[in-house]
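Below, chain A partners chain B and then partners chain C, in two separate complexes.
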Partner chain A sequence: MNYDPQSLLGQATPRVDGVAKVTGAARYAADEVVANPAYAYLVTSAIARGRIAGFRLEQAMAVPGVLDILTHENVGDALKQSPPGPDGKPSTTTLESERIWHDGQIIAVVVADTFEAAREAAHKVEVDYAEERPAGTFGDEGTQTEPAEAPFGPNPEVGDAAGAFAAAPVKVEARYATPTQHHNPLELFSTTCAWEGSKLTVYEPTQFMHGTKARMASQLGLDIQDVRAVSRYVGGAFGSKGVNGRAAWVAIAARRVGRPVKLVATRADGFTTNSYRAETLQHVRLSAERDGRLTSFFHEGWELSSRPSPYCVAGTEQTARMYACPNILTRVNVVHADRNTPGYMRAPAETPYMFALESAMDELSYALGMDPIELRRVNDTQIDPVSGRPFSSRSLMPCFDAAAVRFGWQRRDPQPGSMRDGEWLVGYGCATACYPVFTGPAGARLTLMPDGRAQVAMAGHELGTGAYTAVAITAARLLGIDVDDVTVSMGDSDLPPVIVAGGSSNAASTALATAKVCEEARRRLAAAAVTAADGPLRGLDPDALVLVEGRLRHDGGAEEPIRDALVRVGGRLEVYAEHVPDGLPRGAVAALGDGQLLFQHNGNRSDVTAFAFGAQLVEVRVHRRTREIRVPRVVSAFAAGTIINPMAARSQFMGGAIWGLASALHEATELDHGAARYVNKNLADYMIPVNADVPSVDIIILPEKDERVNALGIKGIGEVGIVGMNAAVANAVFHATGKRLRELPIRAERLL
Partner chain B sequence: MSGTLNRREVLSGSVLGVAAAGLGGAALGAAGPDAVAATPAAAAQGSPARAEIVLRVNGRDRLLAIDPRTTLLDALREHMALTGSKKGCDHGQCGACTVHVDGRRVLSCLTLAVAVQGKAVTTIEGLSAGDRLHPMQQAFIAHDAFQCGYCTPGQIMSAVACVHEGHAGSPAEIREYMSGNLCRCAAYPNIVAAIEDARNQMERS
Partner chain C sequence: MRPFTYERADGLAELARRALQTGQGQVDAEVQFLAGGTSLIDLMKLDVLRPRSLVDITPLAAEHGTVELRPDGLRIGALASMASVAVHPGVVEQYPAIAESLRLAASAQLRNMATIGGNLLQRTRCPYFRDPSWTACNKRLPGSGCAALDGINRNHAVLGVDTSCIAQYPGDLGVVLAALDAQVELAGPRGARRVPFSTLHRPPGGQPHVETTLLPGELITEVAVPAGAWTRRSLYLKIRDRASYEFAIASAAVALDLDGETVRSVRLGIGGMAYRPWRAAEAEAALTGKPLTEANAEAAAEIALRDAVTNGHNAYKPELGRRTLVRALLQARAM
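This part shows the complex of A and B:
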């Protein structure tokens, strides 16, 4: 492809789905209208470990309007396969048996004529349990710990970390802890299933249309062609909207009652019937020469999971690659307890693990008497220290420099506790943000209409990332037409498969497929134009023709309107193309259609290591007497390759930074240890930020041209924004108070 | 499309009829023989109890037969196919369900439908005049004041009321009076900017 993405993309564009979203017309899964639906309501376990001894359903069945109650005693073998965990490996079950794996597990599904009747009856289901004593988290009696492998490759290890640490002149060693967190997208988890004969339509918010389709087929024993998944708009996902334990039961219930069934799970049920960010414990050792150059890095993590699931995020894969260091040792362990299975949550690996590394780097900066930004500069590298491969591009220090100027970092007095403003202790803190690049296969269908307008169709996902808009922008630029003249269809598994919208891969994957299909259209129009019997482009080199300003134009100046060019191919042109990242099999898009996940990532590419980077700087104020914590200012700078739409990108970086701030200061799912039960399963007690909590958030997007990461130079932006904030805040709190907090969230009581 | 109907067909299933404008609660008998009887006998036979009510939504009166426990939010979403108002918690903790009742912002998940008979309900679908967006809607687009858009109908209804209440005087005041509307995508700074912008336009007109 003979174009420069940076000159094509990068113009701020209001969202093409903006009107739909501000008028209420955007249809989220639970907004889909089905004929004569029955309503489902979940019954969940009141114990965390044991089994169901029996149900007493009489009172529930007597509620007027109740149609059916599904329990393990009456569903037979309707479920052909249990849904796997987020890693595709075994997970907890629901109605498959009497087994209880965790508190809040789905144990029955009530179906009734109305939502109100279903809810009443669900509360009248009586359950007899044979309860066993549960283990809820680290330190509870009965947990089991096992060493694990990192998901994308062997645990990073280079040189002799223990020997180098022993011999180093400057060293720090510390243990860190991060809490359980829940995604809490504002949209509740929902599933609506409608059968038409043997064909099933499932309306469910999902980050992977074809994954949902394939999963429903395998769980229900259906021909995959008989399942259609629809999810036009997703009300936030952050990693939570994928495989789940409820969807198949809704389909089974719909078959049993002979009507479509709609389930909108309660907010509380969302905490236990979907995934979450597991709590971690981490141990770090860092050593350096007196000039600050790292000599060793050791990082070990312990991550909580359910009894059957080996799921872990192993952020050591990222921390090991952050800085030049000759001796690296990493380990990760999974600790099994009586809990639901965790899963991907925005920057799953980086958010907890970079907290430890970037806190330890700050601790090291004080041990060295060195500015923390300078410590990162001394150890900056263009070579991945684990693989020895170059970074595709790495603008970490330009990010720090841009952010430091905007922030006024030079005003920082290095001495902890030295900066004051009246009753407030003032601290400045910084940290590195990073997120690895994932790119997946995608198919796209393009139709050029006789009037020159374009339609792009792909089973993409709009989670709030601006997916429709990004594809419209890409197509418009490459076809030389206006964004308003492009219509994008997504969110339907009848459309060409697209990789899961996860791992910040959506922009690159969909834009690359869009570029491919636009190039194919250009090629066909050019071929017809140069071989035509007449016309201004006859006989010219087809590769020298470009689509621009509604025309097919030769670089020598000859041109014709795209409408005229279209006449030659029948007035209307429909093309299909697939983008498959290097290193993945040619049939990768078809494999997606079968629900397989195939990514190009740092673990399987052999040319470069690819990350987006950022620098996050915060000012913290801690009240001298009350220890109240305020964060009046956040400045974050990011370099993430080509930015398709700076308007939506800024919003996403900003949202990420606010997520990170909330992670540092507010968010934790609290556990009742004896019962292994979450106690704050609602939006009033699980602290997500409200408008009044949010300070000034200054986002800087650095131009970065990356010719190695992929053909469009796109790295992905959805997750990097959260990553540095935990440590930046903790480091600023140390700078303000002299008190090092190694456990999140940082709350006033921990500063007393 | 398998198993789906358009809104009109569904409306005819759960809404008994659209009463003439101006029909009050006292005129319920006008529904006449078409109305589903909410008799105890019917309940004993397995149908949930139903209450017949008239709701005036976006300037139109609608006659519904619903379970008396039905919230205004569920009445809108499940019985009138007005799905613009969103359910984010069903407990008054998120603001996604915000609508106007007689011009004041109300959490429709905490309001029983039967309790707003005789009052004027406005939802996000009724905010704009035809195809022309309300200045608040326009400002939300211009300032990119949303990402996923799920909180947006509630934010906009709340924001319009916030301006009318006179609580949009400064960014700090807007932040305070908009703090009942959660945005998990954290579009907050853009929401504040949009409200300031729309406030100026609303005050001019």
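This part shows the complex of A and C:
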């Protein structure tokens, strides 16, 4: 393919599905209508470690309308395979046995004629436990620590970090901590299962249509062809909507009661029956010459996981690549405790690990007496210091410069505690944002209708990110028709497989497949036009024909309407194409169809290292007496290659920046240490910012042309926006107060 | 949630005759009065409250839902919505602390639904109370213990607590009413009576499941706030983790009557850290007759928090409480 990436640099385009969403016409998984559904409600464990000694179900079964209660005592071998963790490796179980791995584990499923009856009965299920003393998190007796390898390659190591640190004239060393956090998408976790003979349809919000299909087949022992997954709209996912412990039980329940079963888990269930961002501890050493050039970087992380799961995110893979540095050493450890298995949550690796690096960089800037933006400039590089490969493009300093001008960074007095506004201490802080580029395989089917309108179909995922619109824009551009003349179908495993909507890969993966299928359509129309017995394009070079303005046009000026061109191929043209990123096997799309995950990423590409970058600048205010912390202003600049839809992109970046702010000041899932149980499993006590907390978020999108990252120059924008903001806020708090806080979230009591 | 019957109240006389067993805050009370429902229904869904019968008293709003400004004080019908009282011109002008405490509470949607009487009886946000899967909660299961003592207690009370319960009173208005010597008008099977608001909520006293001094079948019909030279120079300062829609981690109600720089009379309430609506009477006495300087404010704050008892995560509260009180006093001085 040879496209000009700039051709996609889009106009702001309203969502093609916007009206459906705001009017309620869009059907989310739990909105799908099935005939005569029964309703399920989960019973979850009230202890974190031990066994179920027995159930007392009499009261619950006596609730009018109750049809069935599934427990480990009565499900037999209905489950053929336990769901794995998010990394595909072993994880905790649910109804497979009497074993309790963690607080809030699914231990029974109540099914009833109505949701209300199911809930009442679930409240009446009595459980006898044989409880054992749990270990909930770092420092608790009974946790087990083991060294781990980073997921996408060996732990980065270059030169002699210890020796360089010892010899350096300027150095900082510090330990950082980040808390447990939960995704809390507005749409609750739900599963609806309907059987038709041996065929199962599962309606479930998912980030990977074919993963859900394959997972249900393997867990239930079904032929994969007998499972269909449907998920037309997802009300936010952020990494949480994939493999889970509930779905198979809903299917089993539906088979047992002989009718479709619908489960919408509660908000509290969402905290313990799905994944989360695990807490981390981190140790950083940074050293530099007096001019600011880094001489060594050491970064070690400890991440919490469940007993059986080795899942870790190892953000050291990213922090090691951020700045020019000749000596690098990284390590990562998994700490096993009596908790459920964590998983991907928006910028899983970067959010916690960049907090440590970018805080340490700020600390180093004070040790050097250097402006923190200038410190990053001194250490900026176009070469990945770990692999020695070039960055595909890196506009980090242009981001800082654009944001600094808009922010008024030059007004910053570097002295901590020096800036005031009345009763409020004022601080400015900054940090680098980054996110690596992932691109996956995807198939796409395109139908050009006789009237010139187009239909694109692929098992893509609309998570609220604007996926339908992005594909429509891409197809419209490449077919030379209006966005309104493109219809996009997604969210159904009967459509061609698409890589998981994760790793910010959705836009690139779907746009590349869309481009490929559009090119195939152009090629067929061109071939027919130039070989036709008559017509304006007869005999011309087919490669010199383009689709533009509803026409097939030769660069010499000859053209015909696309409708006429379509007549030559039978009036209607249907084409299928697949895009497989370089380095992945030819059959990658078929493998996706079997539920396999295949990505092109920095760990398996040999040409370049690819990241999106950004700069986060914030103003923080701390009341001089009562110490509450407010953030009146955020200015963030990002460069992420081709931007398909600037309107959606701005929202993505803004949402990310706000979430980053939340990760600095608000979000934390609180664990009762003695019980190893969460206590704030609701959206009142699990704090997220409200509108009053984010009065001004100014987003700058820098143009960036990247001809190496992929054929369309798309890097992905879903996650970079959150990264670094937690450090920027912490750095601004230090600037305002002179107090360095290395543990999140930052709350007033830490500043008293 | 468990099945329950629902009926609408006809009038106070009818309610009094029926002598409903509404209890004194016990979670197993068989009958509950339903007003805005913002706390009650929530706790029923969580299976904490399990009434067999709800009696909807909102039909009484026409008679008991108005705000009246009189020369001798303010009368607020118990069924007035929080939103309507917050914007009442007389309240805003004459009792700004009341308006502010309401404006800063909850969200606009909740303030539209919630009533003044219900707000005063709002249940604690203690997570161990709100989740029946925790087995140690003296407020929910008398004699079972208190999981919060050694648990997550960052926003638990430090004033008015004992080892049976450290749950925090979450409300804002109640803090102002405690400071302003408010009284509540009650109606019930034994007739109407008027009691000081400060006696409505009971101290834990080893029996935290008994929350109020209301008699079975009794309900609040009106709140009366006496007039005074201090009400116009009054404010409510709320410190919280986010800028809106959040409970206080510390708050202060201040009403001040100054003679030049000298305190003629002062009323102080403390929130976000007390078991029940809390008045700092000794601190008031320490300030009275003295110039309202920063040093005198700090000395009074010291007195107000000297009996605080902390339990770990809430160890910051006494210091934050002192600072909040000082800031509120100095802000009131500048009004």
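One rule holds in what follows: the second predicted complex is superposed on the first by the 749 of 752 C-alpha atoms of A that agree within 3 Å, B and C clash if a C-alpha of one lies under 4 Å from a C-alpha of the other, contacts with A are read in each partner's own complex, and residues count from 1 in each chain.
Methods note: a residue touches a chain if its C-beta (ideal position, glycine included) is under 8 Å from a C-beta of that chain, and two chains touch if they have at least 3 such contacts.
Every value quoted in this text rests on a predicted model; they were computed, and no experiment measured them.
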Practice prompt. Considering only touches as defined above, state whether A:31 meets chain B (first), chain C (second), both or neither.
Written response: first
Discussion item. Per the contact definition in the header, classify A:748: touching chain B only (first), chain C only (second), both, or neither.
Written reply: second
Discussion item. If we overlay the two complexes on their shared chain A, which of chain B and chain C does A:58 touch? Say first, second, both or neither.
Written reply: neither
Worksheet item: Now for A:21: first (chain B), second (chain C), both, or neither, which partner does it touch?
Response: first
Item to complete: Return first, second, both or neither, reflecting whether A:484 touches chain B, chain C, both chains, or no partner chain.
Response: neither
Item to complete: Could you say whether A:607 touches chain B, chain C, both of them, or neither, answering first, second, both or neither?
Response: neither
Discussion item. Under the stated touch criterion, which partner chain does A:123 make contact with: chain B (first), chain C (second), both, or neither?
Written reply: second
Discussion item. Output check: A:692 vs chain B and chain C. Expected answer is one of first, second, both, neither. What do you get?
Written reply: both
Worksheet item: Of chain B and chain C, which one contacts the greater number of residues in chain A?
Response: B
Fill in: Where chain A meets both chain C and chain B, residue numbers
116, 684, 689-693
Practice prompt. Would you mind writing out the residues of chain C in touch with chain A in their complex?
Written response: 1-3, 47, 125, 127-128, 131-135, 147, 150-152, 154, 239-246, 249-250, 316, 319-320, 323-324, 326-327
Fill in: Partner chain A, residues of chain B touching it in the complex
1-7, 9-10, 13, 43-49, 67, 69-70, 74, 77-78, 81-91, 93-94, 96, 123-125, 127-128, 133, 137-138, 140-142, 144, 146-153, 156, 174-176, 178-192
Fill in: chain B contact footprint on chain A (complex, rising order)
14-15, 17-28, 30-36, 64-66, 112-117, 184-188, 194-196, 199-201, 228, 233-238, 260, 264, 266-267, 462-466, 647-648, 650-652, 654-655, 658-659, 662, 682-684, 688-694, 696-697
Worksheet item: Okay, in this complex, where on chain A does chain C touch?
Response: 46, 116, 119-120, 123, 268, 623, 625-628, 630, 665-666, 670-675, 677, 679-681, 684-685, 687, 689-693, 747-749, 752
